[in-house]
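Each of the next two complexes has chain A plus one other chain: chain B in the first, chain C in the second.
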Partner chain A sequence: MGKIIIQRLVISILVMLAASFLSYFFLYMAPGDPAVSIIKSQTGREPTQAEIEIFRENRNLNIPLLDNITIWFGMLSKGDLGISVRTGEPVLHEFKDRFGATFLLAVISLVLAVLIAFPLGVLAATRPGSVVDHVTRVIGLGILSIPEFWLGLMLMVLFSLTLKWLPSFGYGTIYHFILPTVTLSTGMSALLMRLMRASMLEVLNLDYIKMARSKGLNRPLIIWKHAFRNALIPVITIIGTQFGHLLAGTIIIETVFSWPGIGKYLVDSIYARDYPVIQGFVFIIAAMFVVINLLVDLSYAYLDPRIRFEQGRN
Partner chain B sequence: MESVLKIKDLSVNFNSKDGIVKAANNLNLTIYSGEILGLIGETGSGKTVLGQAIIKILPQTARVTGEIWYGNRNILALGEEEMNKIRGKEIALIFQNPSSSLNPSLKIGEQIAETVQKHQGLNKKEAWEKAEAILSQVGMPPRFAHYYPHQYSGGMRQRAMVAICLACQPLFYIADEPTRGLDVTVQNQIAGLLNSIIKNGKGQRSMLLITHDISVAAALTDSMAIMYAGEIVEYGPTREVFKNPLHPYSKGLLNSHPAKGLKPIKGFSPSLINLPEGCKFFSRCSRAEKDCQKEVPMFGRKGGKHIVRCFYA
Partner chain C sequence: MTFKFFHKGAALVLLCLMLFVMISGCGSNASDPKKVGEKAYPSDQKEQVLRLGAARDFKSAAQGRNMVFEYLVSVDHEGNPVPMLAELWEIPGDSKTYVFKIREGVTFHNGTEFDASLAKFALEYNANNSVWGKYLDKIETVDGNTVKVYLKDYYPLFLQDLAKNLVVSPDAVDPKGDPSGKLAEYIGTGPFKLVSYHKDRDAELVRNDNYWGKKSEINRVIWKTIPDPHAQIVALKAGDVDMIGITEHHSSVPYVEVPAMEDAGINVDKTSYGRYQVLEFNTLREPFNDRKVRMAFNYAIDKEKMVRELFHGLTEPAYTITAPWFKYGPSKVNSKYFHYDLNKAKSLLTEAGWSMNSSGKLEKEGKPLEVELLIPAGEANADAVAIFVQSELKKIGVELKLLTLESGAAWDRSKQGEYEMFVHHSFCLPWVPGGIDIGGKYHSGSTSWPAAYHSPELDRLIEEAWLTPDESKRKELINKVWDILHYEAPCIPLYDIVKVSAYRESITGFKPAPTMFDMDFSEIKIN
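Moving on, here comes the complex of A and B:
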């Protein structure tokens, strides 16, 4: 077990370094000058050549690509992600200030989606062809074909503008959470429900389920103890990647609901060519993906003893 | 002798895309207490379906008609809840292919203990103690209870399977190809284990042994039923059937055994979807006459308990 984790950590560090290198390289190649766009947004007029030069000098924008990368890795090793060109604040602070909002949104949406998807998926799988199965399938497919931003806007129109029950944007109270989390978890629960149903159906047809029946065990025990755990393995993979995307900031939904999370901030930074922020955020997001994948792999090992022992032997 | 299980006019049909699959047709079979009855036939003759019909775990697409009398209860008329009090407790099914029939994510001990917990009302700790005791009863070290199926060898898995079925000391066992896919030495060990379970049952335990392995059947069974295309074509005490097989199919089957010179029966079994009208063996039979094609022969008695379904036997 310890050996897998060490192997994984080494690979993870390499992945993170590669991700941040690539993101930096592509940004450098992209057109647009941060000096121009930031001064413009601050003063509201075309900057003079002198202003641009001073800005570039002050914010370390004149350093060549390779030197810059060396500096970046040097800073990384000290846990420093640099300073935002736009705000002058350390990137790490900018991230910390916004990550809470994104994290809460992600966790609540995911938990909600799982709580809806798992029981419905299992129910549909244990009664294939039943009314429940057909209804959940039709609704699930319908939901999957609705774009998320449109659903968000429609919910906003209904519950904020027409009924005036919930705030349409912002962050702070529990009411602010309802529309964004419902929007995010709707699509996800439809996806997870379909997956859960398919995986569960497959497991329920296996020999060991027949064996469990032949032992006289009752249905709930067979479904939850014998089938569910084994059916969970493929679903966990998808949950992992979904959660990664949520944590990386659901850019569209955060924009629709003016959610003060990292997704919205990252997009704003990209428009402003705020190199240090983009680079720092990409690095942290890559790190989060790596950690989530590691957790997914560990959960396989927990769920399936065959994986646990096989890898332990290597 | 007292009968344990009486199967009367049992038919099992499956609806499939290509038509109705007639897996068992008007089967009649009685199993007596203390005996091992061998159900012999080639793959696809409906043996497994019969075994699973007795314990009622066929898929929902199966249509089962007839009666299966277990004591004074007709199993086919029992509800799920009543059935669950019989399954594992009074009737146990030893599955073929233990590699896929054991749950990969549960320890063997747990797979034995849960049956005991369910039927004998023991708590978890007591059930686990019992599981370890049963494992040693089937010739395995008790500590193997803490291992997962993938840590077992093929033969050990089959022993574990037997242990699960033995957990509540049922009186009736259905063993579905218990020796399939095992090394010959391991086959002999498992066959010996099954034999000892029945023989140590003081005449109370009995077994339906489903197999296509004639040597296993010859070694273990007291009586034999030969199955062909969903029908039983011959039944009798094992010694008599072996010494004097009457049905042309039985003769062919016994002659196809390596010890008898490995003479295969020519042709193939008919599809269970398009069964011929008369004798199902007609197209492969060297003795067949015209009337064989018209009607299904009834059982004829050939001395004692030996019966056969053939006009010319």
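Moving on, here comes the complex of A and C:
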């Protein structure tokens, strides 16, 4: 097991470096100039050549591509991700200042989605073709078709504007979490519910479940102890991917609810061609994906004893 | 088994508790209810608190900076330099020396008195980031209140440039007192002091009671970052903010939402800052290398109908290349130069050799008149405007294709002259509006617009205009430039992008600032 983890970690570091390098390289090759984009966003007009030259000189933007990459790797080895061209702040500070908000939103939304999706998915799978199954399916499909920004705005209109129960935007108290997390978890719970139902149905038709039934085990024990655990494996994979995406920032939710997370900041940096931010953020996001994937893989071993035994033999 | 379940249950409870604690403690404002929901403010009669809903983070918006910092010289609504922290100035002799008399009784927010030596520091700090810095010879303090700037060569836009240079305290930069340092703290002389700031969230400012000018009635300003314009409108209607739109230099409030806001009792101010949306032609390529075609396209678009149908008459159509009321604007040109006249458009196209084929499309030597309009993503109202223009041009047999590209990619095309028509907006103050400065859009030295209309005569007039210190001669030359440009029709001016500021009924005394980058709270009251 330890050997596998070490192997995975080595590959992971290479993946992180490659993701960061490629994102920088392609954006560097893409049309657009950070000096023009940033001055334009600050002044709302196209800059003169003299202004562009001064900006490029002051922000070290005249360094060639290869030198830039060498400098970046050198800084990375010292734990420094460089300075944002747009804000003049260290990239790591920009990330740290915003990641807390993104992390909380991601964790709470995911927990909420799981709490809704799992019981409903299992319920629908254990009663296939019943009213509950049909109702959850129709509602689930309906929710999946709703765009997040529209749902967010509608919730805002209902709970902030009409009922005046919740703040329409912002960050700070427990009330500020309600609308963004509900918006985010609604679609996710519908997806997980459908997955849970399909996976559970498949497991419930396997021979060992029939065996358990014929042995006379009680229904809740069969469902929750024997079937549910096995049905979780494909769902966990999706949860891992979803969580990774959530941690990388949720641009729509952050924009609609004025959430101070990393998503909107990263997208704005891409538009501004703020290369150090893009490189640094992609590196950290790649690291998060790698860690999540590793945890997902480890969870397989926990959920399925056969994987543990196989790994043990190897 | 029971013990295992107990463990799992305890872990779950612990996880929930941890999440609760994390959420409760996630904001530094959590313990102070006045700082978050802001609902507590309006009921507080003792102090006047203005809550602004802003599309951008406080420190990345010019309007935020301009509440804290001021300039030595500012500009009025037309672009004339006006005194600010420099009470007056003289330009003796060679027009390369400027003598500024510094206003007395001005103090920075940290209590330091503003004098000539600090003005010198502020000028040195800005010289590193401004075009005028390239012309700078030296800066001298003459006495406690007089500072003298020597330029190596005559630079006509020096005073206009100063109107975008923040006067910062030496304590505000890092390293302290270093003119080449970076701005680290918000220590200015402006009407408000910054007391708290959270990235992408909010900022709180209190009135500067030692302010040299007219003090605002507002005690505190809360800047709330709300990037989505629709969310801003909901927040305004819900009473979570008092004012939106004022914090942006462009119009962040969608024009289509204005009638509904007015119906809901929201006050809406529409101020023109002379920023026009225009369709630029590539004059190096067919068919726009022909002046008659460019004029025909100008005559073919009914702009009055456009502003009426797309924007409910919220703004005015534009008939000149830039606002005629600017200091260097086309005031001598007929104010409705590019008017709507379909017959004129058709006859000009016929003169240019284009004839209508059997399927109702214009063609020349068997080639149909098809052009592409490049739209940078995010350009205000551009999608709706493009479709309107497309339908108008169809009436004269022109097929307009629309291409939207990410802003950076679109501007790259402009730099390479890889477009046929390009939608964008014109300059506004404190920059020189209209793109007629040296290296500007209509000067052949322009690197951003190599395919805009250029000519040696135009270059000569522009250069002569900007290099003469004689103001009346400059005006005369610039009028000639405008005459040529309007004759040559290098673009289609569409409409005035008015800045929309919306505020709740409880706000009175709203006054638009001279430029779209500033905010004026000197008369505002909250009832």
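Simple rule for what comes next: the second predicted complex is superposed on the first by the 298 of 314 C-alpha atoms of A that agree within 3 Å, B and C clash if a C-alpha of one lies under 4 Å from a C-alpha of the other, contacts with A are read in each partner's own complex, and residues count from 1 in each chain.
Here, contacts are C-beta pairs under 8 Å (C-beta built on N, C-alpha and C of every residue); 3 or more make two chains touch, one makes a residue touch a chain.
Please read all numbers here as calculations on a predicted model, not as lab measurements.
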Contacts of A:Asn218 with chain B and chain C, given as first, second, both or neither: first
First, second, both or neither for A:Ala190, with chain B first and chain C second: neither
Chain B or chain C, by number of chain A residues touched: C
Touched partner set for A:Leu206, first chain B, second chain C, both or neither: first
Touched partner set for A:Val282, first chain B, second chain C, both or neither: neither
Partner chain in contact with A:Val114 - chain B first, chain C second, else both or neither: neither
First (chain B), second (chain C), both or neither touched by A:Ala124: neither
Chain B versus chain C as contact partner of A:Val85, first or second or both or neither: neither
Residues on chain C engaged by chain A in the complex (per definition of touch): 19-20, 22-24, 26-30, 35-37, 59-60, 62, 128-131, 133-134, 182-183, 198-202, 224-228, 230-231, 234-235, 237-238, 240, 249-250, 275, 406-409, 411-414, 424-425, 427-428, 431, 437, 439-440, 445-448, 516
Chain A-facing residues of chain B, complex: 52, 55, 57, 80, 83-89, 92-93, 95, 97, 100-106, 114-115, 118-119, 148, 150-151, 164
In the complex with chain B, residue positions of chain A that touch it: 206-208, 210-219, 221, 225-226, 229-230, 303-306, 309
Chain C-touching residues of chain A, taken from the complex the two chains share: 30-33, 36-37, 40, 42-52, 54, 58, 86-88, 94, 97-98, 100-101, 104, 107-108, 111, 153, 156-157, 160-161, 164, 167-177, 254-258, 260-261, 264-265, 271, 273
